[in-house]
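One chain, chain A, links the two complexes that follow: it is found with chain B in the first and with chain C in the second.
Coming up: the complex of A and B.
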């Protein structure tokens, strides 16, 4: 056999082998990283190798079925938040046959009409893959023509609808005209600026009246050696609520109080599941947010290669070592800091994200979790600028006891929404609920201390956000002035230009 | 013991094209090789005083068989078609319809004489054979003889002049001898083309026939050359542009613009993708058919290299329509690089087929062609796997 023939045979055999391995990765299991057709959006890159989460239609499904499965996956994770945001363009609205004329232009029944994954070239803010003037599809003709309906909009380009702080496609809770008019006369700063739920959270009382000491800790001898840990626990909310060491380290034995049994079941580093036993809603929302997305129940589990091989009629044929090579390299169940796409401190790259990452497990210190924990990993200009900002000064005053509870503004104040649940104040750990578009933050957070007009202007100014609100907004959102003109003053003069000047622009 | 009959010019052409090192046939341009074989056969008939040709006509002067089955068959064919009346037409007919048979016959004769050995390529899969040298003495003797003629000032044998002029007309001399040597003897070769051999063992008729046949062979060998080079150059430049030109930004205006449709609409993506796949398969099919011995014997396929290059150029356009110069990541990026390598090296093969008036340039082009052919074939190897995986990703997910 000549050298050329041998090379051809080897080349063809190698190609066939490589194809077979790659096909096995696709169908049976294994690392599918090299099969990703394009960079995944920032929102989904953590779960990009759990392909079946979104591509749930199965192999060789027709386009319609595949599209349906994709959209079902979108709704599976995002429907609740859209519903809570009173989505202005819910898919159901467009399923009405009267809307059929619009389907050809932009099929708003489908999430994938505007959000397509693996298309980095066309992915814009908020994972939108349609051009920014997409509103033109429906709002430029007949009764929907905003240039006719709103004289003020006649000269506006459609790519300014969602980029000028005036409209969002989904969440317009803080942007609709009546709301703008109702809050038009608010000063830039409330007379008593205070975040009401933060204030309420600080006044919570626990069942135990007598504060426990380090001697109250019940744990195996080996676990009681570190006084710092014991002190941290003794001063914690857990201790105040009557939860002893075993509640987390040996939960099954905690209620029986027998030290021997506690010792037998002692777990040195308890899993997040222990936290979930009591803080169910917090862990649930954590899994919906960017920190814990991989633990979301709808994220597909690693494939079972044995089961898949059996389905292909190859069960039992392959040796165990070969099957092991087709096991999904399940990404760490918890995201690590190093995997983040935002700028982070390099030295924390190895840390994974779980309850204890932010809340010191024994102290359960919510103050540290609200600022220090965030800044220990995040290293972007916005985070850096927080220290020394007016918000930070207020936070320091509150922590020092020099100001009223709820007057300080921490990272968590703005990014982790506090809500009232069953009479208690709970923290929604899904920071996505207050992110992108940032006007989501206005009603639950900003308006506690600031006026609507100021909040709109501030959040529309990227420079001010990067400086963490040091200074004044340099952008004025016109929507409030137009809304007033249209509904209160002379509608026919709506487009005559803004006469309402933001008062903070002239303030010292 | 019977003495071997004198070798034909076609056998000499084949012998000259044996690689010194490997003993296998050099990968010369297929069309040029065929023209050389057609010209060699006509030249043999002219030397045997069976045909008479000048720049305008070719006629059979003696129908008596020569005694060589191959030459006699060609002589009979020429006799039966008096309407085909000039050397250009017969070089065209013979190079396209008889060259394969002439080559097989010449190779068979060399095998018979113990010069070459025949092997089957991938037994049971292909009909084609591979030939390797057994006795290098004959080949070395012939090449040494040609080398001596080129380097001396002696009056050469008319048959040797015909052989040298033939292979030079087909531009395969630079494939046979080193570049430096060709540069050195270029004036001597030119002298052979102008040489008047009347009185040197041949008549004026044969000398005129030599000139007519060499001219016909040169014209024929250069056929499509410009088109091939131009098309390859265009396709190659477009493929290189894919590497160098900035990616075309996606349109930021809503509406059914062409680029928006091309790169965002799934139906358009499928059309452009399958067009690309179809063109690639068509190009591959043409390349395979060109190499099929059965087809070589029966059909004229002079257009086929042009078709192959045409499909390649079409692939560049389809690739642009499908990707818009975007490479993607991971497997898609690998596929894109691989495809571009295939196209660029293919284009280099086409460009390097062009011949110039300068032997050193021709020699450099020959080297480029040999390298590009290997690289083109190497780039072809992983392409099916990458394409299959690309398609599977689309349909499995």
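Coming up: the complex of A and C.
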């Protein structure tokens, strides 16, 4: 056998072997990290090896089925967020066949028209992979030409629509023209600046008749030795609501069981599942956000190689040692600080994210969770600049009891939305809901204290954001002035009709 | 109030989805035109009921709530045209067996102007001859469709006045009885 022939045989055998291993990793199990076609976007990198979460149609599905499954996966996790944002471009709007001509330009029926994973070289903020002038696809021709319909827009380039603080593709709740006009006369700061839901959350009262005191703690002797823990619990909302130690440390024995049963079932460090029993919505939204997404129920679980081999007719045929090689690597069940791509304090890299990471387990102190917990890990200019900022000074005054509840501004005030649910104030733990585009914060947060014009300008000024709002905006967003000119001042010059109230709006 | 609205929307969707079955039956005997006419009967009846029994009654007669384009911010009722569109979008989420849209040659929202040659021709024809519906066929993205266009008339003063006064409306001379636009119903042809 000649040397060349031998090399050919070895080459072909090696290629076949490598292909077989790659196919086995794809279809059976094993570490698929090497198969990743490109760096995944921020946040999604936490689940990048749970491939089936998005590629739910299977390795050999045709392109159409694979695309459908991908888009279904997007909506599976982001649907609630888009609904809350009153999505301006919901896919349903574009399914009507009359939109067929647009499908070729930008197929807005699909999330993947604008958000393609594994494309780091073209990925922009919010995982957008289309060019910045994507609006041109549908708003630039004939009757749809916004430069003709809006004389104020005649000289604008399409790459400025979504980058100027004027428009978003999905969430325009604080940006639409009538809203701008209605809020045009607001001063930069409200006469009584106060975040109303924060104020409501802090002034609520618990039922206190059944509240156990420090001496009423029921727990094994060994757990009662730390007076600091007992003090923290006795002063917490948990105690105020009548919850004793066993509610978390031995939940199955908490009701009516005696100390012996509680001791038997005692868990020293309860899992998040215990929190979830009572705080369902909080844990549900936590799993939708960047801190907890590995726990989202739609994230695929590690594959079972035995079951997959059996499906291929290889069940029981391969030895255990070989099957073990097809085991999926198990990433930590919880995100660790060290895995984050944002700047973090190195000394916290080993910490993982769960309820107790931010909330002290016995004091359940929301004050610490609102600032200290965030700053103990996050180490970027915006976070660093918070300390010493006007917002921070207000927060310190509120915490010290020198100012009214709701007048302070913590990290959580802006980044963890407070909502009213069944008469109570609840915190949405999906920080993504208010994160990007930052104009999402305007209605639920900024407008409680600031005017809309000031808010738009401030959020459009990256320097001011990096300084954590020390100073005044150096950018002026023109949208409000244009909306006023078009609807109130000079409608005839802006191609608009006069603004007269509809007869259906005359009544109360 | 909201519960009733949702109930009505639900009933509308159920009826329309039930009729979607007849859309696919078109190839088995029921003519496309008849299927389109039946769908139009349902969607236009629901809109009329919403307009008269919900909006006009509560806004004009009993004066307990207003109706507004920005109904969420204003804690008001959606306008009848918005209600109609929400129904159409809901249908599009559920089936490709048929679709419908409320369009105009003079739309307040430019997206509701004609998007195909057939839509333009149909809207022009029903504007000139409000007594006659327009029927035709067209091919979109490789699929042949039967399309029907029904004239949409300004039946109440509120319709005319809103379209005349809205800042984004291209017309200011609409009177009660004028054609405002048309309802376009499409059925994919088997």
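Here is the rule we go by: the second predicted complex is superposed on the first by the 462 of 508 C-alpha atoms of A that agree within 3 Å, B and C clash if a C-alpha of one lies under 4 Å from a C-alpha of the other, contacts with A are read in each partner's own complex, and residues count from 1 in each chain.
Rule of thumb we're sticking to: contacts are C-beta pairs under 8 Å (C-beta built on N, C-alpha and C of every residue); 3 or more make two chains touch, one makes a residue touch a chain.
Source: prediction; values computed, not measured.
*Asks:* Could you look at A:423 and tell me whether it touches chain B, chain C, both or neither (first, second, both, neither)?
*Replies:* After superposition on chain A, A:423 lies in contact with neither partner.
*Asks:* Considering only touches as defined above, state whether A:319 meets chain B (first), chain C (second), both or neither.
*Replies:* Once the two structures are laid over each other on A, A:319 reaches no partner at all.
*Asks:* With the two complexes superposed on chain A, say which partner A:121 touches: chain B (first), chain C (second), both, or neither.
*Replies:* first
*Asks:* Going by the contact rule set out at the top, does A:132 touch chain B (first), chain C (second), both, or neither?
*Replies:* A:132 contacts chain B only, not chain C.
*Asks:* Quick check for you: in the superposed arrangement, does A:144 touch first (chain B), second (chain C), both or neither?
*Replies:* second
*Asks:* Considering only touches as defined above, state whether A:401 meets chain B (first), chain C (second), both or neither.
*Replies:* Once the two structures are laid over each other on A, A:401 reaches no partner at all.
*Asks:* Touching A:191, do we find chain B (first), chain C (second), both, or neither?
*Replies:* In the superposed model, A:191 contacts neither chain B nor chain C.
*Asks:* For chain C, which residues count as touching chain A in their complex?
*Replies:* 55, 59-60, 63-70, 72-74, 76, 79, 88-90, 92-93, 96, 99, 101, 110-111, 113, 115-116, 119, 140-141, 143, 145, 157-158, 161-162, 164-169, 172, 184, 186, 188
*Asks:* Across the complex, what residues on chain A touch chain B?
*Replies:* Contact set of chain A toward chain B: 2, 5, 11-12, 15-16, 18-19, 22-23, 26-27, 33-39, 51, 55, 59-60, 63, 106, 116, 119, 121-122, 129-134, 136-137, 158-159.
*Asks:* Could you pull out which chain A residues touch chain C in their complex?
*Replies:* Residues 86, 90, 92-93, 95-101, 103, 143-144, 149, 176, 178-179, 486-487, 491, 496-508 of chain A touch chain C in their complex.
*Asks:* Note which residues of chain B are touching chain A in the complex, please.
*Replies:* Result: residues 24, 119, 121-122, 130, 132, 247, 249-255, 260, 263-264, 266, 326, 328-332, 378, 381-382, 384-385, 388-389, 392-393, 395-397 of chain B touch chain A.
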